[in-house]
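In the two complexes that follow, chain A is the common piece, with chain B as its partner first and chain C second.
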Partner chain A sequence: MIKLTEKRALSWPPLLYLILMFMVPMGLMLIIAFMEPGDYGGVKPLISHINGKLHLDLNLDSFILVFSSEFVWQLMVRSIIYSLVTTIICLILSYPLSLMIARSAKKYRDILLLLVIIPFWSCFLIRVYAWMIILGPDSGVTHIINSIISVLGFPPVNLLYSTFAVIICLVYVNLPFMILPLYANLEKHEMDLLDAGRDLGATRFQLFWKVTVPLSLPGVLVGSALVFIPCIGMFVVPELVGSNCSLMIGNLIKQQFLQGMNWPLGTVTSIVMTVSVLSISLIVGFIAKNSNGFKYASK
Partner chain B sequence: MSKMCLNKVALVFIFFMLTSFSWAEKKFNLYIGTNYIADPTIARFEKLCNCKLYQNYFNDNGELLAKIAAGASGYDVMVPTSYAVTDLIAMHKILPLDKSKLPNLQYVDKKFLSEPYDQGNKYSVPYAYNPVFLAYNVDKMKELGINPNTWAVVFDPKYLVKLKGRITMFNSSRNVFAVALLYLGKDPNSTNIADLKAAQNLINRASPYWAKFDSDSYYRGLLRGDIWVSQSYSIDIFKAMSDARNSHAKITIGAQLQKEGNMYELDNLVIPASTHNVNDAYAFINNALLPQSEYELSNLTGSSVPSQIAIKRLDNSIASLDWIYPHDMSKLQTFIAYPPKIRILTNEMWTEIQMQCREICSTCSYAQDN
Partner chain C sequence: MTILQIKNVTKNFDDSVVVDNISIDINQGEFFTLLGPSGCGKTTLLRMVAGLISPDSGRIFLDGKDITDLPPEKRPLHTIFQTYALFPHLSVFDNIAFPLKMAKWDKSRIVTQVEELLEDVQLVKFKNRFPHELSGGQKQRVAIARSLVDRPKLLLLDEPLSALDARLREHMHIELVKLQEETGVTFVYVTHDQQEALALSSRIAVLNGGKIEQLDVPTKVYSKPKTYFVADFLGKCNLIKAEVISTTNDAVTLKIAGYINLEVKCEYAANYKIGQKGWYSIRPEKIRLNREEVENTDLYRAQAKVLGYYYYGNDTLYEIELGDNLVLKVMLGNTKSVEPKFFNEETMVHMSFDPHAGSFIAEEL
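Let's turn to the complex of A and B:
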């Protein structure tokens, strides 16, 4: 039998790793946010000598720049909206699929799950490039859509390099992150509950709405978090398939580090993003925790 | 007993360490843009230094500078563009060159030496250059009756309305500002704030018509047919044209210089201060300056090379192309580094240009008066 102290000792290496790899960079970020950008990238030294006096160069310039510039907020709001829309679409698409997999015969479940996971075996970038071909102006999809809307009297549309393309790709790359936790939850539901409901005269819709949905809330919550949080910081997808009007906050952060050479601005933007994601997650978590289904499911 | 065993294990381990060290190949790290050195040149160098050359790629000089400024090391030779050389010198990140170790510098065309970004070539030697111009879909231009011999094609609403969503411009503030300034008849290296603001205004009004800022994969868009006009590097267009030929694509890509003038990116060989392979670095540069290497580079990648001997050996199908070897070099200019203040200012302008979504402004005046 392992003693408690030994158990604690085992938890030290991962804890140390987390402190070194997460807390230290976070601390650095917080400091850099208040420093001045260096002439050639990086930051200016924290302490400088002016006329023999020591100066501590900390200021709020980057925060003021971020909070006062309109386009940073445009990007922030757009990123949140895109992520919300992506999460909702993923949820709508995943729920029936996960339910279908969970309720299908046991021998098919693994194959069906495998089918969900298979696209993951290829590189993320390749999958986005595939969408660039599918949505390109000379693709069959575009031709079909444009011939339909031209019959209705609308001018042809560009599918690629648009908000539409960004959302499609975001949904596509994030879909399995919604399906898998939902499936894991739905698969564990006890069929006895549904039988009991049916015995008491519930309709199929009532069974779904009053039994399955509340019980699946923890799965919905995990899936939504797994989709929403990575989505908000995404920069590759908007860069590849988006237009100037569909860039996200991640693009700004990347640009500040790689092109703009303004680390403090990039850092402040990251902090604003982290704080928004954290507060949204906390609010949603709080609401969900106080719902009845969640209370029952977590019993 | 166990102690002896441990000693034996340690001995075997040390033996393996030593042997593996002596067998380890010597590595040489080159930091360069993609598709920018010919395979025969690499093979010749590897024989010369008895090492293996590894290529590390960058897309943009900003990326190179950001990485080096952040303390990246391990590269033995880098290939930055003109203005980046000045910045690297100011950052003390590259070594002054000992010309006596570079006898092949004699083959480099004098007109590419001692450029304003590095007077007297103290730190850098020119390797190759890439004119920046408009490449286009030939059939679409004919259909729309547009002659892309002017930058007006990407700035003037007369053209823009026909090309909405079909134009890409570089994802590089220096390049986009430079062509805007050229179009306005100003010095493309201007550090005058009024000039830069005028350029920003011009770009802001035109950018809603542009599909995107892209300096990496724009030529794929040209090849696919969804992009009709692109701000382009000669090297990419050379590749795109040969890809189009090889795949029997229906699309014909055209390219030409613009009458307002063009920029060219003169790329240089420099030795980073952090290298431990200084001798190999000199050997690499010397090999790269050899007319044979410059010939291979130009012949295989379509880069323009600063070596008359190499150009004379080139097939006429490359040497006669105006967008690779411009007949009138006086209309082409290189980039000069901005002072830090101006760079920070233009970077902020650029961030706004890139990130702010703009609607097409129908009431704005597009006259060149500002």
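Let's turn to the complex of A and C:
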């Protein structure tokens, strides 16, 4: 038995870690957001001497810049749209697969799940590079698609470095995060409920929409959050396979820090992003919690 | 009138026969029970009637129509599952309305019909609650209402009361019988609880190993068990090895335990040959114990030694030993107004019973 005081003592190291690695940087970000950018990256000193007087250099310049910049909002909206599209495609692709795994014989389930997880064993970047090859101008896929559309009388297209490629990679990278929670939910559905549904007059189609789908909503929500939230901040994928027209907000933030040398602007942008993702999640969660029956489906 | 006809139905799972060529005719308005231990095929048979599994061979007729190949949603019958299978995301009202919505009834008709059923099962106050907010008995009543809402021709009940505690179960027994009488819907009830089967049913089919051991009214099944299994499975029973030594038209004379000769009434007496082996079965409550000798020559009487007793409250079960290691169970009701005085261990008692209270069970050849 661990005493309460020992339990508290055990919780100190992780708490300390979180404070040091998350709370402190977040606080720093909040302060940097109000500071002047330094000439070569970083920020100007908080307190400066001008004509012997002390100046506290805190201002709202970066916030004004972000909120008035059409470019930032364009990237913001685009990131949300890309993430939404990715989430929806992931959901559509994952649902039948998760259902199939959940309804298959117990002895096959673990193997099928393993197959879903196997891509994680190779590096994220390598997997995106693989897509660069698949979608590249010399790949078989490109050749086949281009020969088909040239028959139809259209000019050849470039698959790589396009919005199309960004979405494909986002879906590919995030798919397991949708499959796993969906599976975890669908696997728990009682067979009796499905039998009862049929017995009470539901066709297979009605049964799916009236019983399986409503019961799986908690899983859908978790999966969607796990895909949508990391998706919005993604910068590697658009940078590697996207074009200038498919940059996302993550790219802007990265640029502000590494190329633009404007830390306050990058900080403000990421704060705005975090706040909007958080509020979207909260709103969806709130609606879900208050929607009829949803909260009971998870019990 | 026959409403459900099960004809030569067989079902195998992997290599084992679960339901073995069973034929049953169930009448309109009956409370029919399939009774048997787990694994006897009763639930499989029920699920085949519901359409949730299909038989390997044989046909099932409902109201004269062959429903063997109909999918479950097209069969005008419903099942009540052991787990109730209420939809957790739907309120009580919506659960009960589910079959009507699937059948695309008018909204207004759905409301009146569901309200009526809610009243029948006394759940009007709970109509907006969700299943997890209900007690076991209430869930049970929702399941019943949901299954009766569109007036099915047949209601299949798969051990519906096994999850309830004993008191509630007894209460639900009364409600079920009442509901069955009121609605006139034919009930096919699956249970492994013999008390439940005897108390509720108009007829019982005792199943074992995928076959019907006996199909009869409860009193017959209990007092005139046809097979060793039925005698042993239903209640307590003394089963003593016996052999036919002579027969008449309606009775057989048996040699029991190798030394007691008894004449026992028997419907099938003419079927038995001399030398037929089997068992003499007699229920423990048919045997009497007295301190003094009983003066009645129609009874079989013997001296016996009490080995021990178990006090059950309403009655007491004794184990007594006659000669030659013949041990019998005897059930005596504690009917006296004073606290019972037991026959203590090792006391000698006078045992007696009417031979006709028991019956002869032939060994299968």
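As a working rule, the second predicted complex is superposed on the first by the 286 of 299 C-alpha atoms of A that agree within 3 Å, B and C clash if a C-alpha of one lies under 4 Å from a C-alpha of the other, contacts with A are read in each partner's own complex, and residues count from 1 in each chain.
Just so we're on the same page, contacts are C-beta pairs under 8 Å (C-beta built on N, C-alpha and C of every residue); 3 or more make two chains touch, one makes a residue touch a chain.
Just so it is clear, the structure is predicted and the values come from calculations on it, not from any experiment.
A.B. asks: Clash or fit: how do chain B and chain C relate after the overlay on chain A?
C.D. replies: In the arrangement built by aligning on chain A, the partners chain C and chain B fit side by side.
A.B. asks: Identify the partner contact of A:Phe67: answer first if only chain B is touched, second if only chain C is, both if each is, neither if none is.
C.D. replies: neither
A.B. asks: Just chain B (first), just chain C (second), both, or neither: which does A:Asp199 touch?
C.D. replies: second
A.B. asks: Tell me the contact category for A:Leu252 with respect to chain B and chain C: first, second, both or neither.
C.D. replies: The first partner, chain B, only.
A.B. asks: Scan A:Glu190 for contacts with chain B and chain C and give back first, second, both or neither.
C.D. replies: After superposing on A, A:Glu190 lies in contact with chain C but is clear of chain B.
A.B. asks: Can you tell me whether chain B or chain C touches more residues on chain A?
C.D. replies: More residues of chain A are touched by B.
A.B. asks: Tell me the contact category for A:Tyr108 with respect to chain B and chain C: first, second, both or neither.
C.D. replies: A:Tyr108 sits against neither chain B nor chain C.
A.B. asks: In the superposed arrangement, which partner chain does A:Asn262 touch: chain B (first), chain C (second), both, or neither?
C.D. replies: first
A.B. asks: Taking the superposition on A as described, I'd like to know which of chain B and chain C A:Trp209 touches: first, second, both or neither.
C.D. replies: neither
A.B. asks: At the CA centre of chain A, how far apart in angle are the CA centres of chain B and chain C, to the nearest 10 degrees?
C.D. replies: 150
A.B. asks: Smallest separation in Å between any Cα of chain B and any Cα of chain C in the superposed model?
C.D. replies: Once the two complexes are overlaid, chain B and chain C approach no closer than 46 Å between C-alpha atoms.
A.B. asks: Do chain B and chain C touch any of the same residues on chain A, and if so, which?
C.D. replies: Overlap of chain B and chain C footprints on chain A: empty.
A.B. asks: Which residues of chain A touch chain B in the complex?
C.D. replies: 37-42, 69-72, 74-75, 133, 136-138, 158, 160-161, 240, 242-247, 251-252, 255-262
A.B. asks: Touching chain A in the complex: which residues of chain C?
C.D. replies: Residues 50-52, 71-73, 78-79, 81-83, 85, 87-91, 94, 98-99, 101-103, 130-132, 146-147, 150.
A.B. asks: Which positions of chain B touch chain A when the two form their complex?
C.D. replies: 60, 62-63, 65-66, 69-70, 87, 90-91, 165, 171-173, 207-208, 210-213, 217, 224-226, 340, 343-344, 347-348, 350-352, 354-358
A.B. asks: In the complex, go through chain A and note every residue touching chain C.
C.D. replies: Counting only chain A, the residues touching chain C are 190, 192-193, 195-203, 206, 210-211, 214-215, 217, 292-294, 296-297, 299.
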